Every structure is written in C-alpha cells, then in structure tokens.
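A single structure is presented below for examination.
Labels run A, B, C and D following the written order; every chain starts at residue 1.
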C-alpha cells in the first residue's frame, strides 16, 4: 500500500513528469520561468490548486456526479478549479502584491492550465481512490514546480549567454525544454 | 598594445592548451580501445572530428563570429572525441555524423558556442542517438579476443559506410548486446548474478576488454588531475557514490545486484568520471557543488542501470545533473572572506 | 609570540622581478625647478588651498589644509613661489585633470621652523590634530589619512598593531629598501603609533623573500625598547593586502564592510611609520617619499623623491627609459595603472614607477568566452566566485553582482592573472562597482527629489485650503451675524489660525537643512548677487 | 436533467459563498505596488511621460494605463528595472516622450534674470532660490535637470548645463576590445 503511494509520487514527479514527459501545462512553464523567485511562487500556487483541485474533483466525481452525470465531469471540474484559482489569487494579492503583479496573467490562467484539468481527468481514468488522487495531484504539482524552478534557474543563466539572435527568448527556451525532456527520458522504465 | 588596465601580468595558459591536454589524456583510452575492439573506432573519431569542425565553422560563419580562435580552441574536437568514444565502434557513419551534428549545432552553438552550453554537448548527442536509433546504438562488437570473426580494417570500413559484411557473416556474429544490457535482461529472467557473471563477456573487474579501456581512461584522468585541468571533486564523488550504492546493495543481495567494481569498470563510468562529468562549462563551479554534482550523477547512474529502461545511465545522469547545475551553484556559494556563514 | 601562521584562500605566485631594483641603496634626486602638487593625494575630502598665486613659501609650509576629518594637508616640498593653482593632469586612472598647486623652486630649499613634538606630554587628540596638519597618509598606496586610524576609539580598543612590510606586488622594492636602511626610524614610528593607540602587541609582517629587510628590522627591534615581533610570512600574492596580512598573522578576518579596528587590529605600512617618525621627531611633514623606478630603465633602483616631481624627470634620474617602452605604470603590475602622461607628478601614492615595454608585459590575446573552469575562484583571496561576478557584470545584472559580494573584491588581479580565456575580469568588476556606486548616488538624489517634491505638493495643497477658508470667511462676513454664525466664525477663525500656525511651522524653507556644500553655494551666490546690485547702483 | 441542474447550481452556490467570504477576508487596501514602481523612477518630476510627476506615472503604470517605456531620464536601465519588477518583457524607450540626455543642471544667468519667480513656481523640487524682483539661482545639488523651468522664463536666462566628468564622479568603462566580433 505504502509502496504503491510512493511509486505514484515518484512516477508523477520524475517518470511521467507532467511537463517534460506528458507535455502539459507549457503555458506557465514558458511564461513564468524568467525569474527564479517568480517560478517558485508559481510552483507553490499551482501545487496548491492542483492538490485541492484533485481532491475536490474526486469527491465531486465520486459522490455528486456518479456514473450517470459523467457528462458534467469536465464542466464541473473547470468550475471547481476556477473557484480554487480565484481563491488563491485573492490570497496572493493580499499577502504579496508584487508577486501578484509578477505572476500577472499567469495566475488566473492556472484555471485554463491543461495540467490542472488534466490531472483530475487522468485520476478518473486511472480509477484512483481519494488518497491516490490527492497524491497524484500533489506529485504532479511537485513535478511541475521542480522542472519549473530548474528551468527558471537555467534561463536566468542563459540571459548572459551569447545566443544567436533568432533564438533569443522563447526559442532557446523551447530548445532547453526539449533537452530537459530528453534528459528526463532517462527515467523511462523506472516505474511501470 | 599593453592591456588596458591592471593586471598587466598573466599566466601562460589558454583555453586551447587546456583542451589539448584533455585530448592528450584521451590517447591511452583510445589506444586501449583499438587494442580491444579493433581500429574501427579511429574511423569514428575521424568522422566525428571532421563533422564537428565543419559544423562548428558553418555555425560560426552564420553567427558572424570569428572562425580562427574558436576552431583552434579544440573544444569541438573534445566533444567529437567524447561522443565517438561513447558510440559503438562499428557504428554506421551516419550515426556518428548525426550525433556530432546535434551535439555541436543544437547543444553548443545555439546557446552561443564555447562557454555557454548548459548541457554537455557530447551527452546530448549520445542521448538523442540512443532514443532515436536504439538498435544501431546497442550493436556493440565483442572484444576481439571473444569475437567469432575478426574484421579487418577494410571490412570495418565497409560495414561502417555500407553496412556490408564479409560474406558468410551475420550481424550477430560480430556484435552482441553490451554486458550491462545482458546483465539487465538476464536479471529480468530471474537468473542469479553468479550464473550471469560466468559468461565469457564479463571480466575480472568489469567487462572483458571494457575494463582495460576503463583502466586507460583512469590513467588519462590521473594525468588531468596532475596537470590541474580537473579537480578531484567530481570524479571522486561520482565513483565513490556509485561504488557506495553498488556495494551496499551487493552486500544485501549479491544475487540481484552487481558489485562495485563491476559498476566502476563497465559501461562509460570511467570515461564519464574524468572526461564528461568534469566538463567545466556544463558543470558546477563551487567545490561543494562539484561534490553534489558528482554524487548526483553516481546515484542516477546506478538507479538507471539497476531499475531503469536503459542499460547504461551515464548520459542521462549527466544531463539530469546538468539541469540542476545553476541551482546547485546558487546554493553552494562558499563563505566569502569576512562574512559569516 | 606568534606560534602559528594562518592561510588566506587562494593567491598566486607571479614572477617577482624585485632583484633589479632591490640591490642598490636609496638614492637622492636633484630638486626639480617646478613641482606640481595635486590637492587630492589622499582618500577623503579635497584639501583647501591656503596660498595664492605669487605667494612665496618655505619648504614644509602648508599649502592646503585638510577639510574635515577624513582629509590630509599638502605641503611645499621645497621653498619657492606659487606660480599657478589650476587643473593639471594628475596620476589618476581616469586620465582627467584635477586641481593642483604649481610651485617654482627658488633653489634655496629653505625649511620652515622645525620642532620635534613632545607627544608624550601632550593630549593625544592634540597629537592626532598635529598629524592631520602634517599630511600623513598611508604610503602603501591606499593613501588613507593616517591620523584617522590613530585615534584611539574607546568602543574598539586596538590591541594589535601590525606594520605591513610584506610588499607582495612584483617589481616594487621601496619598502624593502626602507626597512633595510632605516629600520630604526620605522621602529621609532611604530613606537609612537603604539603609544597613541595603546596597543598591547606589535607585529611586523615581512614576506620571506626579503630576508635582509627582516634581519635589519629584527636588529632594530632588539635595539629598541618596544616589544615588537618581526614575523616572516610566506611569499604569496596578495599577502600584503591589509586584510590578508591580518588573517595570516592573527587568523582573524576583518568582517565585510568593517574596519580592522573593529576587531582590535590596526595595520600601517612601514613607510607610514617612517613618516610618522619624521614628523613627530623632526617636525617634517610629508613632502617626499621613496619610489621604486624599475622596468626598462637604465639604472633601476629606489629614490627619495620630493612630491610633485614629474615622472619623466624621475625616470631621467634612473638613467632614462629604453626606447621601446610603451608607457609607465604607477604601482605594481598587478594593481597599478598606466599613467596618462609621463609629465604627471609623483604623489603620496606613488610607490613604484615601471617603464613598461611589450616584452616585459606581453599584450593579452583576445579574450575567449569564460569556460567556467573556476581557476579564478581557486585563487581569489576573498573566496569570491569571480566567474559568476563576471557573468553578472557582463550582463549588467548589478543587483545580482552585489548579492554575490562584488564589494568584497579587493581588485588584486589574481583572477585575471590565471584566466585561461584571458578575460580582463578585474576590469569588469571595476566597471560594475563604479556603475553601482553611481546608481546608488542617483537613488539618493531621487529620494531627495521625491521628498522635496512631496513637500512642495503638500505646501500647494495647504495654500489651496487656506484660500478656500478665506473665501468661506468672506462669504460668512456678508451674512447677518447671528449667534450661530458667530460661533461658526470663531471655529473658522480658529481653523485659519491653526492653518497659519501650521504653515509657518512647516512651510518648507528651502534654504534650511541643506548640506554644507549647498549652504556654501548659497552664500557664494548671495555674495555675487549683492555685488551685482552694487554694480547696478553705480 | 434536474439533477444535473441541481448539481451545477449547488456547485455555483458553494463556490460563490467561498469566494464571497474570501473577498471580504482578503480585501486589499491601498496599492503598495505604486510605491515599488515610484522607487524605480528617477524622480526628475519632468513630466515627459505625460503625467504630472513621477508618482502619478507610477500610479498609471500600476493601473495598467501607462506603458513602462515613457521615462527618458530613467533610460533603458529604468525600463529594464520596471520590466523586472512587473515581470514583463523590456522594450525600447518610446521616443515620443523624448530621448535620454546626459544629466544636466539648470543654470540661471544672473545678469539677465529679472526676478519674475516664474521658474520658482515651475520647479517641482523647490531647487530655485529667490524672491520677487530679486535674482534667482539654482541650487545645483537639488536640481533634477527636469528642464521645467526653462520654458516659463520670459527672458530665456536659464540654460541646461551637462554635469562635467571629474576625477570624483569618473566611472570605469565597460571593457571593450580592439577587434570586436560582429553580432
């Protein structure tokens, strides 16, 4: 049982990393990775939303929708996620206005972050229980935050690099993300 | 003209001198390689070198940078040699060319060339080839003393450029899975370690033939340490961590986990320890950071070798740790004079 | 007794080149006919001119007085006439001119009244003030006013007094020769300094490549009453940096941004101790110093040079420079700078003049990109990460550079010395430092401007309210005065009174609270204005 | 159908209640961001940005009404700092608002000044000294170089003089090399 949980966590963080292997959530991955501090905050915000979102989505799916109202799944998940994101945004605006400004449009955009919707849907698909769903959401978020922070630290360094003109900015960002993805291929086969 | 401002003195050293010494340190390894696997590797080295220099020149030209200093610095040759040495010695010519091109063009020049690449170019090239052409990448020739048929240089050339074998020979006759690969497959089939190791391809330390090459790399590494081109931190941390994990698990269950010496002397462990992981550009700069970096590669190499989907994890381990380098550097800053830690 | 020496991180061993100039004794030079004395020969405020063009002055007479605490006086190195007070090229790395006094020697070399100072019978503060008037500054090259460092501070009593005779830079031998030839005088200066500071322990640190100097100093110590220990320290550049020498001798690190005195240590150059002795025991202010002239000159050696002498004249005294030289370096090859012209004068900071030629200092190859080999980090005496600082300075990421302790860099040049990519690292740090300093100044100015702008806006707002209140009062006055109106009126009047009082209290008197410079400027302007008024009246 | 409606309405109500509570609990008062932006602006108070001073411009940026590239005295470095703070891409200065000039101070020609006080009223930082019918003069250390006093002067006696480079304000240059690679 415990081993299973551990494997879910390990699998979502490294082997099936949501950004580098599943290629979900690229919008904030590219958007909020220019500054290390901002990426840390974005990671934390996403982790919060993802974990709560996965848990509530599971509850809604299990107890509210059941098997007959399955067609409301995507709709209700989005509603819940939007609510949680709004809540998070208010908290951040209150506690750290500069951070709120830095995260800017990407904060409300967590709502439409495909990773955030993707994980609850994958949960349903994989028939995860409540604890597993929470763990899957949390693991996915940790994986997201991890690569976001690592990516941001590399991009900070690249700022001083003599990158050829046409590749400056987002282009070299995507090349880097690709090479990171390549490195994460090394985890393939570790879990399942 | 005198330098604009002090200091006006400087030590007699240069980037190209460092690179030349690295190339020199690779020579014993190459010699051992030729002795064990035949001279096919020389063709790969040549191919890789030419591809590297040509692609570097083209990219420099496109980027409007001066050719001379950057072609003469020798860094492209180091990348080419390291990649060629990591590939199977009878790899088809296009494999070498594609790998080198990717290493130089994407992993190095797109980031601004010498000094700017966050990833080890040779390992990027290697990983791309391994993922894209897994079959060609795992056709490793048996050491000459074990081979059923010995190929002359001409035969090897024919095979490299035309995939043509002397009549009567099949691919299986000249190549086989690597020992690390065999170990993994056999363990999956629930064979015991002792039985597997009894196969002729396994040597006294690591793998037959491979251990000699690894020893030669070790020799080259010692030369680099002596010349102060590299510091001890990364090799010691990497090899130490690899040996520690291997012996720990070997002690717990000798039947399922290979011993430390096997891990150290098989695959690309030695090459990585002294030549790849010590690449200054893509590695950390602080002493503590180097230890973390080396230990991380050791852990990842062992994990991927033991549980992962690829037989040797060195390339991925290096790339994964490359990703962490800026963060490692940022959090391992040494105490500055006159500051409290 | 020092039992154990400590190590500082890093350091390099550049070729020493000291033998050329260390062999011969210190030689005098003929007094030049014309001397140029910059008013900025020290760190701190520029000295204030006390003479006028045409004045005749005596040798040792004060030409410019110290302005404020951190400042130093300038004296006449010989008797003669002040012929100009104007901007001239000075030995400064910027190559910009600065205010100088030009003295035409009369050839008589007549001294002022010289009297030894009976310092033990005086108040210590009076001795300090006398030193301030004597223009004594750190003669190792930093030129920080010495009297500031000799003030005993009850908060930070100085226990250990260190004389710096390490002289770690290649080529320079002026301290070496001074210690060999005038060890007794140096020890005498040290004795005075130890008395002023109440120091318990006196150390002299000398690099072990100067055994003769160490021997001479030991002999002098034996002759003197003060307990001084002469310590040989390993030859390792930059072991002569004050912070490095303190670390090697005591194991203590001067905290970043603090002064050595805050950990109970004070460190002086041997030449400074000699200057203190000359003033206290002979009444002679700082008007000359020992200068090493070396490099491509015919007879390298050390010279006792009057301040203000042109470098080219000094080089002539050393037999003249070789024809293939491409400039003169002031200071050592590691931290010195190329002089803007051979005609600039010798100043208090001039410890060494090197006639430089391409074969002595080969031109640097074109810089390659940094390969992050971290050799610079290995040799950095401040244990910084030069490669990171370079990266930040290059991409003008100054905040990050500051976070990585750029200001702990002592600009010793070790990093550039070992860099295989031949990157002029120190230049990048100097650039980043001066940019940061300029940005900080701009920030301060911006804060001041913001404050003044806000004050002004507040004043305008108050004036508006006041006007409105006045209008309201007028409107009130037009109405019949009932009791209620009376009451209201009283309230309004009271409000107006309050507002007036407030205004009187807070109206920004924009001449108040100005810094002294601005006050002075206003005074000057007022003077000019009244002059103009007079003219108009006439 | 009914159950579906009920589910969605219920969800909406619950979330609405939650957000409503949060909006009261985490109400934000004032705008601390304006201070941070204002701290970056050079405080020349020149109005070249189109706002009556640095703080109004900062408020406009915070509200998203003004762009970050309208401040010539702040220069490219100022734009970069603002971009950094706000997490947006830096952009070149909008030359419609003027171009950066070397830092200058206003100097009044005292022989021409008629003492009209117009410049005193224009000065945003009270850096001009004088009274009616008396000659005015600029306190150089307080002058931000905004040029606002130049236009109002009826006798054109105010000139902007660039601050000269001296030994004390000299700066080390960015290292450049003889052969520079073409980019």
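General observations
Keep this in mind: a contact is a pair of C-beta atoms (placed from the backbone, for glycine too) under 8 Å apart; a residue touches a chain by one contact, two chains touch by 3 or more.
All of these numbers come straight from a predicted model, not from anything done at the bench.
A count of C-beta contacts for the chain pairs A-C and A-D puts A-D on top.
When every chain is reduced to the mean of its CA atoms, the largest separation from chain A belongs to C. In whole angstrom, the spacing between the mean C-alpha positions of chain A and chain C is 56. Centre-to-centre, using mean CA coordinates, chain C is 35 Å away from chain D. The set of chain A residues touching two or more other chains comprises 157, 162.
Contact of a single residue of chain C with at least two other chains is seen at positions 366, 369, 424, 427, 430. Annotation for chain D: residues 175, 179, 183 touch two or more other chains.
Of all residues in chain A, those touching chain C in their complex are 157, 159-160, 162. Across the complex, chain C meets chain A through its residues 369, 391-392, 394-395, 397. For chain D in complex with chain A, the touching residues are 3-4, 7-8, 10-12, 15, 18-19, 22-23, 26-28, 31-33, 36, 62, 84-88, 183.
Taken in their complex, chain C has these residues touching chain D: 40, 90, 92, 94, 96, 98, 366-367, 396, 424, 427-428, 430-431, 433-435, 438, 442, 445-450, 452-453, 455-456, 508, 510-511, 514-515, 517-518, 521-522, 525, 528-529, 532. Taken in their complex, chain C has these residues touching chain B: 8-9, 12, 14-15, 93, 170, 243, 247, 253-258, 326-327, 329, 331-338, 356, 358, 361, 363-366, 368-374, 377, 381-385, 387-388, 404-405, 408, 413, 416-422, 424, 426-427, 430.
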